[in-house]
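Comments concern the structure below.
In this document, chain identifiers A, B, C and D correspond to the written order of the chains, with residue numbering beginning at 1 in each.
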Amino acid sequence: MSALPAEPVRAGLLARFRQDAFWYRQRGAVLSFAVLAAMLALVAAVVPGTFYSATNLSNLAGQLAPLFLVSLGQTFVLLGAGFDLSVGAVISLSSAILTLDLADPVKIPLAFAAAATVGLVNGWGCVHLRVHPIIMTLATSSIVQGLALILLPTPGGAAPGLLVQLASGTFMGLPAGFYWIVAGTAAAIWLVHGTTYGVRLYATGQNPQAAWMSGIEAPRIRILTYVISSLMAALAGAYLTGRLASGDPNVGSALGLDSVLGAALGGTLLSGGVGGPIGTIAGVLIIGVLNNGLNLAGVSPYYQFVVKGSMLVLAVSLFRRKEAGL
Amino acid sequence: MKRILTALPPALWGLAAVCVFAAFTQPQFLSLPFLMILLRQAAPLGIVALGQTFVVANRSLDLSVGATIAFVNLIVAHAMWNGYPPALVIAIALSAGLVIGLVNGVLVTVLRASAVVVTLGTAAIITGIGFIYSGGAPGNAMPDIIKWLGRGRIGMVPVSGLVWAAFGIVAFVLLRRLTLGRYIFAAGDNPSAATYSGIPVNTTLLISHVLSGLFAASGGLLLSGLVGVGSLNLGADYILSSIAAVILGGAVFGGGAGGAIGTMLGTALLVMVLNLLTVFGVDQPGKLIVQGLVIAVAAVIYQQGRRGG
Amino acid sequence: ETEVTLHSGLGPAEGATLVDVSKYEARRDGAYTIGFSNVFTGNSWVVQLLEEAAWRAEQFPEIERYIVTDANFDPSKQVADVEDMLAQGVDAIVINPTSPVAIVPVLEKAYDAGVAVIIVAADAETDKATVRILADQVKFGRDGGEFLAEAMGNEGKVIALRGIAGISVDTDRWAGAEEVFAKHPGIEVVGEVYAQWAYDQGRQACESLALAHPQIDGVWSSGGAMTQACIEVFSELGRDLVPMTGEANNGFFGAWKKNQDAGFDSIAPQNPTWMVAEGVAAAVAVLNGQEIYAEYKVVAEPYTSKDLDTLYRPDLNDSYWVGSILPDDKLKQLYGN
Amino acid sequence: MAATAPLIEVESLSKSFGAVRALQDMALAGHAGKVHAVMGENGAGKSTLMKLLSGVFRPDSGSIRLRGAEMAFHHPRDAQKAGISTIFQEFSLLPNLSVAENLFLGREREGGRRLGAAEIRRRTREALAALDLRIDPDRRVGSLSVGHQQMVEIAKGVLADASVFIFDEPTAALASHEVETLFALIRRLAGNGKVIFYISHRLSEIFAICDDITIMKDGRFVRTVATVETDVDEVIQGMVGRPIEELFEPRAETLGPVLLKAEALVGEAAPKPLSLEIRAGEIVGIAGLEGQGQQELMRLIAGFAPARAGVLTLADRRIEGLSARRRMAAGIGFVPENRKDDGLFLSLDIGANMATAEIARRRLFGWVPGMGARTAEIMRQLAVKAPDARTPVVDLSGGNQQKVVLGRWLMAGARVLLCEEPTRGVDVGAKREIYRQLRNFAGQGRGVLVTSRELPELIGLCDRLLVIRDGELVAETMAHEASEDDLLRSALPVAESEAA
């Protein structure tokens, strides 16, 4: 029997990123941590005292918690080769539900159930009805935003006391937002890297058909990514409602696309199957440091637009992909 | 026969349904003056959506159209152009759109960065430059010809409607009669196969983005003419509306479907539905819900049709 | 130290008390950092407000740093902005709240930290504010409603052009108008559309409503550029102009003046752009330890047709909001045709 | 035929896709220890049958019995649990997962316990070792050669300890020596009492390894015969419904002038200088083991990889400096190996698919001429089986799809066609058709350069053969003098060929 020649193995760090499956999928994360490090150094040079002050870092944690949560959720959807534009509206919806005139034990589960339903509808539409994710979630986003405005036409209402407590103040010297971030990130990393669901998600994101033929419930896995994303959005909504101690039917609108930015800047490819929550940590921090650094440096809002836009384009240009397009 | 039926854009059926509905409930809606007004309302969005069609057919996306419209508006309204020939002002505005499209195109093709992120980034940059350029205080030195384009009429017919039709013809020819269109649909369907057939895939995508920028600038010009003054944040709602119109017109990302006519019908459907909702006193949330439902239903029907055919 | 005088269009609110300025003694070093947290930079009203506030800040030698942030309508971004300002050690925060409740916790945090908190233009539901400078938005709507009722002879069909759904400025104005309409059973609101205070959307809204309703006897508008758009729609459709409410904007004044001969009449309630500038001035007053009330209201009455000739500035463009505190050369530079 | 009870048995199985009746009243019986071939033309329903056995589709009617028990699979996993392991026609490996992750995908748990990473690695190594493979379990599958990928796919079945193995065209992407490795494995599996269903369009393989042959046509069962009791002609007659006298066309009698000439051409991925020439009327074949630089050579000539040094002339015109697009305009045509990923526009129709290369030669803003007549003519010439040019190419069988890609270059008037694996996954009838078209093409004074993993195909189709080894052209023979043995000997690496 003439055996096949052994597969050539190239040595070196760079080859590792091509040949080792784990590092191949995480190469974007490595890059974005490098970008983050560069930015932190830059900030240290420009606004050293204020940025690295305890107050500021603690503020930063509070500010970034919602973006962390939605971006992590979005990461799941992107890994499954989907796209969820509706998270912003889901945040608004959960904020609206959480400030309804209902008992806390009713409305808190209700908010998450509503979010899960939106996720299921998104997943169902994309997976079983085969509507393009951008189109599907654009449509549901519009519908969900409408519902949020019906439930809560103007900002206000009373946030559940529990959420206000959980989202404000400090615990062991660290701000509440920090714990939300740690909890969300740990859960996401565990799901992706610590469970069988994670491998199956990577498989499904690359090629749902092949994954299915390998005996995996690919459709269910893809639908689940939308549910996770919606639930994370609801969690972000809960945090925001607690932090702002009130509801707002528009509170999530900016976070929809920002969540994609957070995940994409972290090296998760929009084509699916490459990237992950570890990179998203760096991606979100890049956005946060950028916003915060520009504010601290006293850059005028006009110039902030230009600087932020350029940084975005620059950072994302580092993640060169196989094919151009979406 | 079935092939032909499923090839028709979903917007056509939607439009027919809406017209029948209007005929029974709001007959004045279908009166000529109102239709002319609808035409004028639809024209700027229609042109932007035509531009969006190129990128969507090419499996990309342009989220910077809103910022482009606002930027064009700031340019043409700026006092700096007092005394210059209007043609120059228009040329400069259109060149701005062209440059924005070019930048998007280069970033998307050469750096192969995600179009979603890139065009969001360029949108932020353009918005910032617009603010800096106008000092936040938009002028109102708009040449009359632009106002005429935006609100003028020839007889009963709005000039902007005619401009839209002209752009429709241009887009139709580009997409369905010229090599470029074949390149776009081929590269949108399978970039790899397109490369191996000798199609200049990158150039094609670049041109799609340039066209989108150019069309967005043209739409912005009409909208500016309609508004008549500089106005910050003009056209922000055109980003999602233009995508919605393209989807209603039957184009999906790549896949060889959709085109100029579909997008024009899609725009008409969108504008018609929103007006009808206004007339029925449906409030903002209701409009959002109906708009979402219309998009979802169109996409589902279209997708089912494709699978069967 | 400068003696701060507030704009004459402001008056202490009913029952307003004096601020206990001794609380800010620790900060009275004559070198202040003042932050202004803005809602959104997207229309000419806000832009003029920014210009006026910046100009007013320049006039005070004791302001060492003047910081502006833009929340882009996002309450959580505004919370972050305020936090960032606190991290920079501001002495006073002037804020135009995105939401009456969302920013309360962070404002209270600022207040408790001894920072002067000046709430301007829209209210926030907290006691922990040093000074408030507010325009009465309900009155804005009510004044418009009353004008309409009278001009229509207390009966007829009205369409309403609203601003942005869910923004308190708009809901308050509409509440004022509804209050009036409720008193006159002959008045019927036949259509109501949100047009974001913008010209292009106001135009579309007015067009659909005008065509759907053959009879319209009055137009109530939440202000902005929507009324101007609606006048043009009516003229274009060849319909008789009906009474419409407006706002004190130069573009609208121009349209009003142009159509006066055709029998058009209107009213222009004020929502002065200089409120934020006065907020900055109030902050300086507080920090300087000057006597100041805890709440001011805009006492300016709406403009009517008799004010038109004196206030309309044909030499400035449509983006100019009437009643600016900016010096004339600055206005010409910003809005000159 | 075996007298024992079959291990797996299929009776009156039917399956329709909309109006297409892919399978009707199909019968099949697999006996332990036997290798059972399933044969039929493209679209005969072989893959559909196997997908029913492996739970990908559910039958409309009929029964599947495994060891006498009726089976109802709702999901591929059900079939895998029942002990049916399938190597699908289209790869089901995930390129960005590691070898270990691929092998254990969907079976990370065993008896309710999750397998640890270390254990998965160990068992992956064992499964690979059983196939004589030395691959790092953490290695990304996408970075392996196609041959190794196929082996990993098979290792998956071995690992599952299945009792029925289905191989749907496993050799379509393998080179001859890899096929040998595979066959050894299949024999070993059969020896262990497994049932093996084997699908291939390569008749020689069927006769080399299979015990029984089931022939099907148009979704129906034709007959099952023992391999020893039949011959090639009979099988073809059963599949196609008519005998095929001669698979290959006669070779060229006279050759024209040199059309394409490469002199010491060097590219980034092809660092060793390559020289070759193709004459008008000639079909030249490139033989070699998997991954010896065939692809790099083809793509270097086509212009998808820039030339670093050397000269390339097409009919006396230097083209090494031109881009791929320019070269195509100058008369080079390129048919990539992976038809579905790199060749076809699946949602476009035949007309659009055929026209691309011709249109690609035109100016960006040029007017598209009417091409209906020309398309119809080429469709007729190539005998493409489709109602008209508006038919979407997804609806075509593999052979017809391949014809569409060939037609693309006929339409563009290519003078030299670079053709990778022209008959991959194509049935005998269509193969013959494609050979005839390639010969026709050459006959019109043009040249063809072909790579193929099937040596008999290269020998039968070509006029002259070049052997590539480790990026170098090491041997040249006239096809009529060539033998598989000689070719293989020159193709093997020096060390191994000495050993052999």
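The rule is short, and it goes like this: a residue touches a chain if its C-beta (ideal position, glycine included) is under 8 Å from a C-beta of that chain, and two chains touch if they have at least 3 such contacts.
Just so we're on the same page, UniProt names per chain: A, B = ABC transporter permease; D = ATP-binding cassette domain-containing protein.
These figures come from a predicted structure and were not determined experimentally.
Of all chain pairs, the one linked by the largest number of contacting C-beta pairs is A-B.
Each chain gets a centre from the mean of its Cα atoms; for chain C and chain D, those two points are 72 Å apart. As a whole-number value, the distance joining the C-alpha centres of chain B (ABC transporter permease) and chain C reads 34 Å.
Averaged C-alpha coordinates give centres for chain A (ABC transporter permease) and chain C that are 36 Å from one another. Centre to centre, using the average C-alpha position, chain A (ABC transporter permease) and chain B (ABC transporter permease) are separated by 29 Å. Shared interface positions of chain A (ABC transporter permease), i.e. residues touching 2 or more other chains, are given as 149, 153, 301-302, 304. Residues of chain B (ABC transporter permease) in contact with at least two other chains: 131, 136, 192, 254, 284-285.
Contact of a single residue of chain C with at least two other chains is seen at positions 41, 165. By the definition of touch given earlier, these chain pairs are in contact: A-B, A-C, A-D, B-C, B-D. Those residues of chain B (ABC transporter permease) lying in contact with chain C across their complex are 26, 28-29, 31, 33-34, 37, 41, 79, 82, 131, 135-141, 151, 223, 226-234, 236-237, 275, 278-279, 281, 283-285.
Listed in rising order, the residues of chain A (ABC transporter permease) touching chain B (ABC transporter permease) in the complex are 125, 129-132, 134-136, 138-150, 153, 257, 260-261, 264-265, 269-270, 301-310, 312-313, 316-317, 319-326. Note for the complex: chain B (ABC transporter permease) touches chain D at residues 3, 177-183, 185-186, 189-190, 192-200, 203-204, 207, 254-257, 308-309.
Of all residues in chain C, those touching chain A (ABC transporter permease) in their complex are 38, 41, 65, 67-70, 72-77, 79-81, 83-88, 99-105, 165-168, 171.
On the chain A (ABC transporter permease) side of its complex with chain D, the touching residues are 1-7, 9, 18-22, 24-25, 196, 199-200, 202-203, 206-207, 209-217, 273-274.
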